[in-house]
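Look at the two complexes coming up: chain A is in both, with chain B in one and chain C in the other.
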Partner chain A sequence: MIEIRDVQKIYNGSSAGALSGVSLNIARGDFVFLVGPSGAGKSTLIKLIFREIDPTSGKVFFNGRDMAGLRESELLKVRRKIGMVFQDFRLLRQKTVFENVAFALEVLGESPRAIRARVSLALERVGLAGKENSFPSRLSGGEQQRVGIARAIVKDPLVILADEPTGNVDRENSRRLMELFEDINRSGTTVIIATHAWDLVNGMKKRVVALEKGLIVRDEERGTYSHE
Partner chain B sequence: MSPRTLFYYIKEAFRSIFRNSWMSLASIGVVAVTLFILGSFMLLNINVEHLTGEIKDQVEIIAYVDWEITPEALDELRVRVIRLPQVEEVRFVDRDEALLRLKDKLGPMVEGYGEGRPNPLRDSFEIRTIVPEDIPAVAAALMDMPGIARVDYGTEVVEKLFQFTAVVKWVGMAFMLGLALTAAFLIANTIKLTVNARANEIMIMKYVGATEWFIRWPFLIEGMLLGAFGALLPMLLLAYLYGRTVAWAELNLVFLPLVSPQAVLGDMGRILLVLGTGIGCLGSLVSIRRFLRV
Partner chain C sequence: MNSNSLRYCLRQSYISLWRNVWLVAVTAGIIAISLAMLGGFLLFAVNAGQAMRTIESTVDISVFLYDSADKEEVRRGLIALEGVESFVFVSKEDGLAEFSRSLGDRVPLSGLEGENNPLPDMYRVKVVRTDLVPVLAAEIQNIPGVESADYGEHLVGLLTRVTGWLNKIFIITGTLLALGAVFLIVTVIRLSVLTRQEEISVMKYLGASNWFIRFPFLMEGIVMGWTGTVAAALAVGLAYFRLAAFMQRETLAFFLQPVTHMPTLFSILATLLATGTAMGGLGSLISVRKYLKA
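Then we have the complex of A and B:
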């Protein structure tokens, strides 16, 4: 479903490439960890898939379509099939939990009734039923990330892209978040998680793509992330 | 745009106004103060124009005729005056009528003239031009005509008045333009602050797949609402203050005929409302532009 073909990315003003010739195939329903030290190129890869940035050379395909050739309206359609989860949650502080999740559907012009039903379902799925009217500042880090995940899954995306989703969450909650991602993946959604939480990766036995200095150094089914 | 989406935009705009209430108040305040000054200046300008118009309309030329002129020469002179292209109206005032008018005005001070004592006044023409600005030229032409002894039109006063009104008009226009630009700049900046405060929200909107116009509309509506609220305040205040001023002037400054409130306030209100809304809309557009680039 996602094909990255010989992609190179050099940011303006830097001599070394963030990615130097990366090729990767991710099929529908895959669960993939992108691992590696800081600056290895994990986040850059996530941003390229979302087309937040363009590659310096090479191509990124989503469902067989070249992302670089997409018009604004087509890009929006693709983005609506992708759910993003961020390390810093990126919740709207002045909106309630319900409103934060509903936001993703309001943008798509859904009816209020459908929004209510789907948001309730999503919140139930991430274990936040009953917290609809709380504001993010009243929630723990783990709970805030659950809101972020609910916002990502509420529009039934084909792919979840998560960039260091457990970076601001304690160990126990991180483990639970991973279980949640696994549950989401079981229902058919492709999940791609960039992380350097080696213990979580090792406990999951999923596909692991290891990056170092902008290159893929390892790509293993049921892989692990060695900790040096 | 479906009614539901429109409703969503308006709801979001109001929500943002109330959630950022301090910022909103600041924007409304800026619009209100600027439009109040602008509106006051508009009223001042309209009244200066009105007053100078009144004064100009009252300005006329009086051409005094030679003592020795024959009735035939007088008729001929009258025809020549009427034929001047800039002249609208000519009235002949003979010396007896002139004396009567003087007696009306001054009463006992001129007692006896025309009865025992000789009438010291001359026959004259009272001449109105089509446009007041032609008065000096017409006066010069009259001066060259044989049979005219003296031409009087308050030379200095009229020329000064014309200069003064021209200056007031241009300075007023420049001042109002400057104020309108300042208002737009201030509002753009204030709205930029609200947009800055919501940069996070805009980014998240983009991450969940919102179109640019979906992001833009609530801000546009917010800007227009802030501008409109900001215009409403000076509209009401100016209407009240101007009404009071005119009422006061009618009693205390009878010689100063101000434009009636009914004649100006409607138009001025519309102008202020359109300006406020337009400036708010423009401010939003400008300040949101740079956040939409991804």
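Then we have the complex of A and C:
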């Protein structure tokens, strides 16, 4: 479903490449951890898949289509099939839990009735039923990230891209979030997570793609964070 | 964009306008002032045009002849012209007598009779339609023996020059004010964009189209433009109709009767509305293009 072909990315003003000739295939329904030290290129890879940035060279394909050749309307269609989850949650403070999740459907022009039904379902799925009217500031880090995940899954995406989703969450909540991602993946959604959380990666035995200095140094089914 | 999206965008515009209500009011006020100037200029222009036509229509064409002119040839020339209703010959003696009467014998004109009479022979020509006056005057000028064909063009020329200067002042002042208003709109929309920066970045991640993101800001600008236009139209309209009522009562100002032809006035209103909308839209677009790069 996602094919990254010999991609190089050099940011403006930087002499070294954030990614240097990376190739990767991710099939529908995969659960992939992108691991590696800071600056290895994990976030860059996530941004390339979402086409938040363009590669310096090489190509990124989504469902067989070259992302670079997409018109704006086509790119929007692709982006609507991708749910993003962020380390800092990116929730809107002035909106309630319900409104934050509903926002994902409002921007797509869904009817209020459909929004009510789908948001309730998504909140139930992430275990936040009953917290609809709370504001993000009244929630724990783990709960805030659940809102972020509900916002990502409410539009039934094909892929979830999560960049350090447990970076601001305690250990116990991190474990629960990973269970939630696993549950989402079981329903057929591809999940790609960039993370430093070695213990979670080791405990889940999923595909692990390890990056170092912009290169893929390891790609293992049922892998671990590191060989040590 | 479907009806749900449209509803959402309009709600966002409404919230944003309320959030910056004072700034919006000031901006709409500046737009109103610049549009009031534009409206005043347009009303002045149509009224000046009408006044000039009235003046032109009330004057006959005075055709002055050279001393050596063949009066009969000029007469035949006048008869041959289409659009001439009637004409009378005024000899230089009759002219002097008329001139003397018009001065009311306050100035002695003795000694100007006979060969000393400085006035030329003339024909006084009436035309069938007022708009033919300038054209016929030009044609009469070409008849051999005619020194000049005068229909009060000096007055009309003076009016044209004065109107031209006033128009320039209106246009320059109005344009400067309009630019100021557009700059203010850019500032207000920029504030609005900055307030919603976080929301906008999330919207992009959620797959919102650029137009979906931009539309509320565009609407904000247009609402400011419309508010300014309505205020300007009300102020100018009220002032104009009061002035018109006053002028209509003043029968002495018969040649300065104001234009009350509603289609003409509505076209001015439409021009104001279009300009106000364009100013609001332009200000928003500048802001949105600069601060909302996709």
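Note that in this section the second predicted complex is superposed on the first by the 226 of 228 C-alpha atoms of A that agree within 3 Å, B and C clash if a C-alpha of one lies under 4 Å from a C-alpha of the other, contacts with A are read in each partner's own complex, and residues count from 1 in each chain.
The rule is short, and it goes like this: a contact is a pair of C-beta atoms (placed from the backbone, for glycine too) under 8 Å apart; a residue touches a chain by one contact, two chains touch by 3 or more.
Just so it is clear, the structure is predicted and the values come from calculations on it, not from any experiment.
Trainee: Where does A:Arg80 make contact in the superposed view: on chain B (first), on chain C (second), on both, or on neither?
Mentor: Once the two structures are laid over each other on A, A:Arg80 reaches both partners.
Trainee: Between chain B (first) and chain C (second), which, if any, makes contact with A:Phe135: first, second, both or neither?
Mentor: Touch partners of A:Phe135: none, neither chain B nor chain C.
Trainee: Once the two structures are superposed, pull the chain A residues common to the chain B and chain C interfaces.
Mentor: 50, 72-73, 76, 79-80, 84, 90, 92, 103-104, 106-109, 111-112, 151, 155
Trainee: Under the stated contact criterion, what part of chain A meets chain C in this complex?
Mentor: Spelled out, the residues of chain A in touch with chain C are 50, 72-73, 76, 79-80, 82, 84, 90, 92, 103-104, 106-112, 151, 155.
Trainee: List the residues on chain B that touch chain A in their complex, please.
Mentor: Going through chain B, the ones touching chain A are 2, 4-5, 8, 19, 200-201, 203-212, 214, 294.
Trainee: Mind pulling up the chain C residues that touch chain A in the complex?
Mentor: Going through chain C, the ones touching chain A are 1-2, 4-5, 8, 198-199, 201-203, 205-210, 212, 294.
Trainee: What part of chain A is in contact with chain B in the complex they form?
Mentor: Contact set of chain A toward chain B: 50, 52, 72-73, 76-77, 79-80, 84, 90, 92, 94, 103-104, 106-109, 111-112, 151, 155.
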